[in-house]
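The structure is given below, and queries will be raised subsequently.
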Amino acid sequence: MPATELLLDITLGVLLLILAGAALHGTRLYTGIISFIAFGLLLALVWARLGAPDLALAEAAIGAGLTGVLLLSALGRHADEPAQPGSAVRTLATLLLGVLVLILLLRAVLPLAQGPQPLPALVNSQLEASGVSHPVTAVLLNFRAWDTLLELLVLLLAVLGVRQLQPAGRPRPGVWPLLQAWSRILAPLSVIIGGYLLWRGSHAPGGAFQAGALLAAGVVMLRLAGLLPLLRWENGLLRLLVLVGVALFLTVAAAGAWFGAGWLNYPAHWSGALIVLIEVAATLSIAASLSLLVVGERQELGR
Amino acid sequence: MNATWTNLLPLGIVLSSLLPGLLIFTLREEQTRLRVALNLTGVLLKLGLVGLMLWGVARGLEFRFSIPFLPGGELVLQGDALSLQFVSLSTVLWLATTIYAIGYLEDAPLRSRFFGYFSLCVSATVGLALAGNLVTFLLFYELLTLATFPLVVHRGTPQALQAGRVYLTYTLGGGALLLMGVALLHSLTGSPQFSAGGYLLPLLETRTPSLILAFALLVGGLGVKAALLPLHGWLPQAMVAPAPVSALLHAVAVVKAGAFGIVRVVYDVYGVEPVQALGLHLPLLALAAATIIYGSLKALQQRELKKLLAYSTVSQVSYITLGVALMGPIAAVGALAHLVHQGLMKVTLFYCAGNFAETLGVHRIREMDGIGQRMPLTMTAFTLAALGMIGVPPTAGFISKWYLGLGALETGQSGILLVLVLSGLLNAAYFLPLIYRGWFATPKAPWPAAATARAGRPGWRETHWMLLAPTLFTAALALLAGILAGTGFSPLGWSQLIINREFDL
Amino acid sequence: MSGASLYLGLGVLLWLLGLHGLLRLRHPLRRIMAINLMGSGTFMVMVALASRSGHNDPVLQALVVTGLVVAVSATAFALRLAVAHQAHRSRQRPTGEHEE
Amino acid sequence: MTLALASLLLPLGTALLMLLLRLRSGIWVIAASLGSLLCAGLALHEVIEQGVQTLAIGGWRTPLGIRFELSSLTAVLLVFTAMTHLLVAIYAQHSRHSHARNTDYWPLSGLLHASLAALWLSRDLFNWYVTLELLGLVAVAMIILSGPRAHAPALRYLLLSLAASLCYLLGVALLYGRYGVLDLDLLAQASEADHSTRMALLLMTVGLMLKAALWPLHLWLPAAHSSAPTAVSALLSALVVKGPLFILWLLWSRVAPVDMTESAGLLFALAGIVALLAGGWAALRTPLLKTLVAYSTVAQLGYALLALGLLLRWQQSELSVALWLFVLAHGLAKVSMFLAAGEMQATLGSKRVASLKGATQTMPVAMFAFAVAGGSLIGLPPSGGFVAKWVLLQPLLLEPIHWPWALGVLLGTLASAAYVFRVVALSFDRADATPPDYDPDPFAQWLALLPAIAVWGLALFSQPLILWLSEASG
Amino acid sequence: MNGLLWLLVPGAPLLAVVLLLCAGPRRCAGWLWLSCLPALLLSLWPAEPLALPALWPGAQWAADDLLSRAWLGFSALLWACASRFAVTDIASTDHQQRFWLFWLLALLGNLLLVIAADAGSFYVGFTLMSLCAYGLVAHRRGPVPRQAARLYLQLAVVGEMLIYAGMLLRIHEAGGALALEAWRDTPTGAWTAALLLVGFGLKAGFWPLHVWLPLAHPAAPAAASAVLSGAMIKAGILGLWHFLPADDALLQHWSAWLLAVGAISALYGVALGLLQTRSKALLAYSSISQVGYLLVILALAWQQPAYREAAATLLALYAVHHGLAKGALFMGAGLSTRVRFQTWHWLCLALPALALAGLPLTSGAAVKLLFKEGIDAGNLAGWMFLLVIGSAGTMLLMLRLLWLMRASQRQANLPPMAGSQRLPWLLLCLMPVLLPWLWSPLRQAMLDSLPLYAIWAALWPALLALAIGLLVWKQGWQLPPRLRQLPNPARVASVRLMHLLHWPPVPALRKPLDERLWRHSERRWNRLWQVGTVATSAWIIVLLLMLGWLG
């Protein structure tokens, strides 16, 4: 490996650690949160650096976008924590234990740099049969589609969980004109980019989740700018949006089982089309769920 | 298993009290007639069934009911001579105690619950008696604990609760020990049916430590209910229960369950030879002897009638253990006969204590002065039973002590004779003053006039007839069991039959 | 030392840092960030493993994508819960209730 | 296999439909649970007839795809899950005190059911991670149904659950990095005793123990379980903590190399004994009723841990029968106990144990249910708990060298007897009975009694059950 | 004759009990003496032995030898007379029903033990008699009867237990045989013999086991004292006779000691009796003295197995003689404090007194002759002078008795004797004179004692005693006060024992557990775990991960 790349990696790593440390131990919570958002952005860079553009996209949309918004809005609710008097003994003990565990873990992890990797070849060999040409998408939506289905359920559950909180009606801040202007441009952009990513997903990095995340970011922005009408939970459309991904996925799976091909087994020639269909539905659901998670209020989520 | 009547009879005997009991739970408080009818139906039905089985067993029929339960351990109910001895005792005393309890609890609250658990308790006792292997025995043993607890705390007062807690602490602890012991034996051979001479002989060489530990666990577990020395603490406390419960607890259900279990373990699980080979009977013997003396000494110090009776139970029940631990046929006859004799006598004593308390409010020994003039019949019953406890001929207690003493001599344990003599002296030391007070002392104050409906004139109407009749009935039985000991259906005769089968004489 | 090893170590370090945050910090938001750090560390280990032999392992990357969704859902839920809890506490505070 | 899938899909589909159509009635969940129970029962029958079945999802064979395996144990667990859900659903539908009305209780319970079924069926390490997260989230979502007071324990639970998931995930990553596969059987064939494997197993174990609330990582459980609505507490204690335990068991009994299992087994078993005693002690001392029941869960899981540890230490597969019998018996008993406790707590209007004075008089059936369920926890015959303890004790007692472990079981039994009868004895206090705030609802009390009867009935059913479980573990 | 008739012996008293309970003492007390009738008749015309397998093991009743028949007869007679006598005796006291109940049960026991041919029946009867006699002794109110009865009961219970132990040992020695017949030839062990000797000795009351007698007799009503002394204490002797073997080396070895005890007892009773100031106490000591003679007979029989036949006869005669005479004397002593004696009353009373002293023409002379033969047979000529001293002593004792009774007649306003008492008392008084003529074994002995040398031998100690008595009377010697109030260690011990048994309960040992401290430490411990669930759990995770270093 060229030394420059190594240097880059090391710099990235040190930066990440500094940001992570700042996120946890920054003197003020606000500093911590900002460091954390920066950490997320930097992480996206690392993912790209490590050859995982799908992840980089997702991380950028989430770490920097959604989580950041969430953290910042939560900050408004929380008083800054009282300064903790750090006990020197405890710090030392933590440090010592940390080093010991670190050594253990490093001893476990480092030998893995050269481990067997039977799966990539297998994926490549079966890629044809999967109906898509991008291996990550093939794994996500065909080989390990069950994971993805459950993942959508996790998302749904998070929404349901938040719904149980009966969030208080938040005093809506006065709309920020600049944000409003920006969102008018950015929101359609996010829709377009999202759509693009979704379409791209079948043969190149990108896919339902990334697209959904971007869409959600757009929705959140519009919502914050007060440009989006309220969608109530009572409204069937919203529920349909949230549920459509899982529902469609399940329907396809069950249909596969019913019509003979087997559970989650796409019919041979339909697989590509079905995957796209599912991805579209999943994107919608993900976008709706994520945006509800971030900005959902009593009106949207209430009982 | 095909369902012939001989197979179903043991189940029928258990169910004949269980089902009425469950039905009684559902009754409302004011449905007195129905409750009494259910109770009596159950009692009489059971009596009939037991009679049928007695007839059958005397003729050598086999009664066995089994359903699968654990691997290697079925649920088996079987009627053999030994189990019938206990079953008959339980049934007869249940009859008496049911009538007594109906009279005792007239107009008391929560009668449905009381009689429900009462029936459950008897069902558990009978099931325990009929249990055909250790697993079944364990099952009913634990059920018995659970069914008795509500009876002990029935009054719901703080003292009752305290007693209940102590009771549970001991009995559940004992149950856990028993569970361990049974499980240990089960892990070695499974749980085959009880059989004369035991089934552990083949393991004697190879599994010595296991057998010793299992014996210790089993005896420890059973010893709690049998109130062996360090484990007796619950019994005196449990006397706060209503009189019929104490009667049942002390005479049949609980303490006898423990003693009966020891009989089973020694004779039908281990067998005489292995126990002797392992030398297990000697510690048991020492324990029983110590308990006999200790219980009497404690009884001597009591100021309360029921507490005194409770400690006397501690002492008397250990006679059974003593007889078993002597490991000879004569002593075993004594032990088995005492199982019944002690039941009859102690139940009478508790009835009497209940009569005194219920009619005249007499709880303490001091208050018994001259009670014989006011309640001569009850006091007569009391005297008979107390003399029986001392071992005065020709009451039932004498027969037990006779055989126990002879058994001790037969097996060369002459020291036990000393224990018996000492215990007799101590028994006399705490029972005779009671009799003296009842008959010879002058009352400190005039007896309360007919304040309650129960307080009548001395004689047949000295108390509610439902309290008096069972008392006299059991007292008469206790006397007859001694006088007519030679007949075949006396406890002694039946014990002889059991032991003849057991020792293959 | 290769890049993969570097990132493997970094991932472990981040994971530990997160755990450390969990055991040293009291504030719910910090704790949630700490858990996210743990998540990032884990994902970094996975991604580094995916990239170790030159060509990327799509399975691991797909797993990370799934993990990421799960993590973000859970984080969002946790944050909302923390906020709701805080709101409840600030309502309760006058009555003197105090938790943890 | 189709039947098992149907058992999974029925509650899942029902939950989604309920969400979509805003259905609020518990009848749907009851019907779905019933259907699921039926399917699971048939699946069990099928397994017994035809042996273990596997399903490669999507037609992709391992290592590429995810594999489902339907063994008799899985089928039994499916039946158990469906049955528990059914019993709880009937109670929740009828009780005035369940928080099921006008909330998302019903779809959430359906999702919980589906997640558990998915967990039982799956044999893929990463898929388990997702199901674990599902379980964790659904549990937290259900806990906060009881209102803002539950937020603090729910938040703690969520944070710890997330941390635990990440521990688990790091372990999965290490295993994948080491062996390149995620399927359980493939890993079992490949695993070797090197440092990476050991650390991976350690990480996963810590995560799973935290999620299963195994001592010493149980701290979150009492508060979380006791603050949940009654029906939810029942489900959480009976089912949710058992999911991670299942994974832990499979992991150690299949994947872990033999020379590791012995030392790990010792630690597990010791932790189990400590859990029995510490949990029992805490239950004995706590002043709050539902906390008592929750601590009893901690204690009872100690039995499972003990069985697991000894199973690993001696490589005796019959002990896994004991493990799963404990799980089943504890689950049913705990359902009954929580329902009864919740019903009494709501009716008598206090959370304290002391408020149960006189409960045998005011709420006899509920108290009876509590006592009967407690009897199974103690291990009184003929209850399910007894059979489980029996099966556990058999190998312990066989060899004198193992007797100290039996002593541990004995102490645990005594501890559980102590806390159960602490409550029962109090309830007989007639002198100072607590008057109920509402009219006691006899029907709800009877519903609380149902699972307790089931667990005692389990004992009579124990012979085939033991047979099936030993087939699955053998 | 049909053996089932034996059932009448215990059956009649039982029937009387039932009657008593139904009709009350006032209506039927006068007829209760009839319950002795079957026994009396059966002693005259004995029935076949009766085995009763339905009763306690081994039960068998019979009276087929002289000893048993004589015993049964005199017991029944004495009880019958005493029953009749008691009707008036206790008429003025409370609790008559109780008295009669105990009376009948004691009677039942006494008769049963006499007809018992097996150990079980004997023990049943013996115990019944012993325990029920408590009711007779304790009949009167007041501290003195209570203490006396308490001591009696304490010793009776101890005795019961010793006999119980001895009996079991004996059964064991006999290989399980229960018939007394079989025991006659079974050798005994030292423990067995000792237990039985002490156990029965406590009942029989020879020195040094006599302590209860002088207390119990004065306390009991006169009729009760009569049966107690006349019939009951002899049951102890009968028990020894039946329970211990006839020809046994051990007993032969011990017989010298037993002879000594008997002799001491005979002299001790006389000596102490002379010191008494109450007539019934004096009679009690006289009983101790007489039981000493009975013990000597037993010892002789054991010493000389060949002499056993004769000894049995002697025992029977002596028991009959002493039982009836002592019964009459006790009744007389009781009467003397209640009713005014006429002269002929004194004459009647003198008959049994003189018979006891062994005056010719009475049964006393007869048995004394046989007794001498026995001593001769035992080659114990050296002991003869003891007999003389005893004889003289007894005479003195009787003189003092009469003197004491006379003293008690001094109080004014004594009513005349009631007719219902006169008859039974007179019958008993005349018996020592009549019986030798009616009963052939006694008649023979009495006739043998008629030769002059024999009369002289019997008479001179009596005359000597008479002289001494006259001397004392003339001189007006009084008993020194110190001797009048002899301390009674037995009574003190009895009271001590009662207090010991009523030991106050030991306060329960309860460790004072400091509840607050305990709570506090528990709370601290809980806080350690509870505060910061998340942080603590995280710490534990780290620590658990350190386990990685182990492997």
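Going by the order they are written in, the chains are A, B, C, D and E; count residues from 1 in each one.
Here is the rule we go by: a contact is a pair of C-beta atoms (placed from the backbone, for glycine too) under 8 Å apart; a residue touches a chain by one contact, two chains touch by 3 or more.
Being a predicted model, the structure only gives us computed values, none of them experimental.
Engineer: Starting from the defined contact criterion, work out which chains touch chain A and chain B both, please.
Structural biologist: Under the touch definition, chain A and chain B have D, E as mutual neighbours.
Engineer: Farthest from chain B by Cα centre, which chain is it? Let me know.
Structural biologist: The most remote chain is A.
Engineer: Using mean Cα positions as chain centres, tell me which chain lies farthest from chain E.
Structural biologist: Centroid comparison gives A as the farthest chain from chain E.
Engineer: More contacting C-beta pairs: D-E or C-D?
Structural biologist: C-D
Engineer: Taking the mean of each chain's Cα atoms, which chain ends up nearest the overall Cα mean?
Structural biologist: If we average C-alpha coordinates per chain, B lands closest to the whole-structure average.
Engineer: Can you compute the centre-to-centre distance for chain A and chain E, using the mean CA position of each chain? Integer Å is fine.
Structural biologist: 108
Engineer: Could you work out how far the Cα centre of chain A sits from that of chain C, in whole Å?
Structural biologist: 12
Engineer: When the centre of a chain is set as the mean of its C-alpha atoms, what distance in Å lies between chain B and chain E?
Structural biologist: Computed from C-alpha means, the inter-chain centre distance equals 38 Å.
Engineer: So what's the Cα centroid distance for chain C and chain E, whole Å?
Structural biologist: 100
Engineer: By the touch rule stated above, which residues of chain C touch at least two different other chains?
Structural biologist: Answer for chain C, listing residues that touch two or more other chains: 15, 19, 22-24, 26, 28, 31-32, 45, 49, 52, 63, 66, 70, 73-75, 77, 81-82, 84, 100.
Engineer: Considering chain E alone, which of its residues make contact with at least two other chains?
Structural biologist: 533-534, 538, 541-542, 545, 548
Engineer: Touching at least two other chains at once: which residues of chain A meet that condition?
Structural biologist: Counting only residues that touch two or more other chains, chain A contributes 98, 101, 104-105, 108-109, 112, 115, 117, 119, 123, 143-144, 147, 151, 154, 157-158, 161, 165.
Engineer: Under the stated touch criterion, can you name all the chain pairs that qualify?
Structural biologist: Pairwise, the chains that meet the contact rule are A-C, A-D, A-E, B-D, B-E, C-D, C-E, D-E.
Engineer: Per the contact definition, I'd like the list of chain C residues that touch chain E in the complex.
Structural biologist: 19, 22-24, 26, 31, 100
Engineer: Under the stated contact criterion, what part of chain B meets chain D in this complex?
Structural biologist: Its residues touching chain D are 67-71, 75, 110, 113, 135, 138-139, 142-143, 146, 149-150, 153-158, 160-161, 164-165, 168-169, 172-173, 175-177, 179-180, 183-184, 186-188, 209-210, 213.
Engineer: Help me check something: in the complex, which residues belonging to chain D touch chain A?
Structural biologist: Where chain D meets chain A, its residues are 2, 5, 9, 12-13, 16, 19-20, 22, 55, 57-60, 63-66, 102-104, 107-108, 111, 114-115, 118, 126-127, 130-131, 133-134, 137-138, 140-141, 144-145, 151, 174, 177-181, 194-196, 198-200.
Engineer: Touching residues of chain E toward chain C in the complex: what are they?
Structural biologist: Its residues touching chain C are 531-535, 538-539, 541-542.
Engineer: In their complex, what parts of chain D are in touch with chain B?
Structural biologist: Contacts found on chain D: 358, 360-361, 364, 371, 375, 378-382, 386-387, 389-390, 393-398, 400, 403, 406, 409-410, 413-414, 417-418, 421, 424-426, 428-431, 459-460, 462-463, 466.
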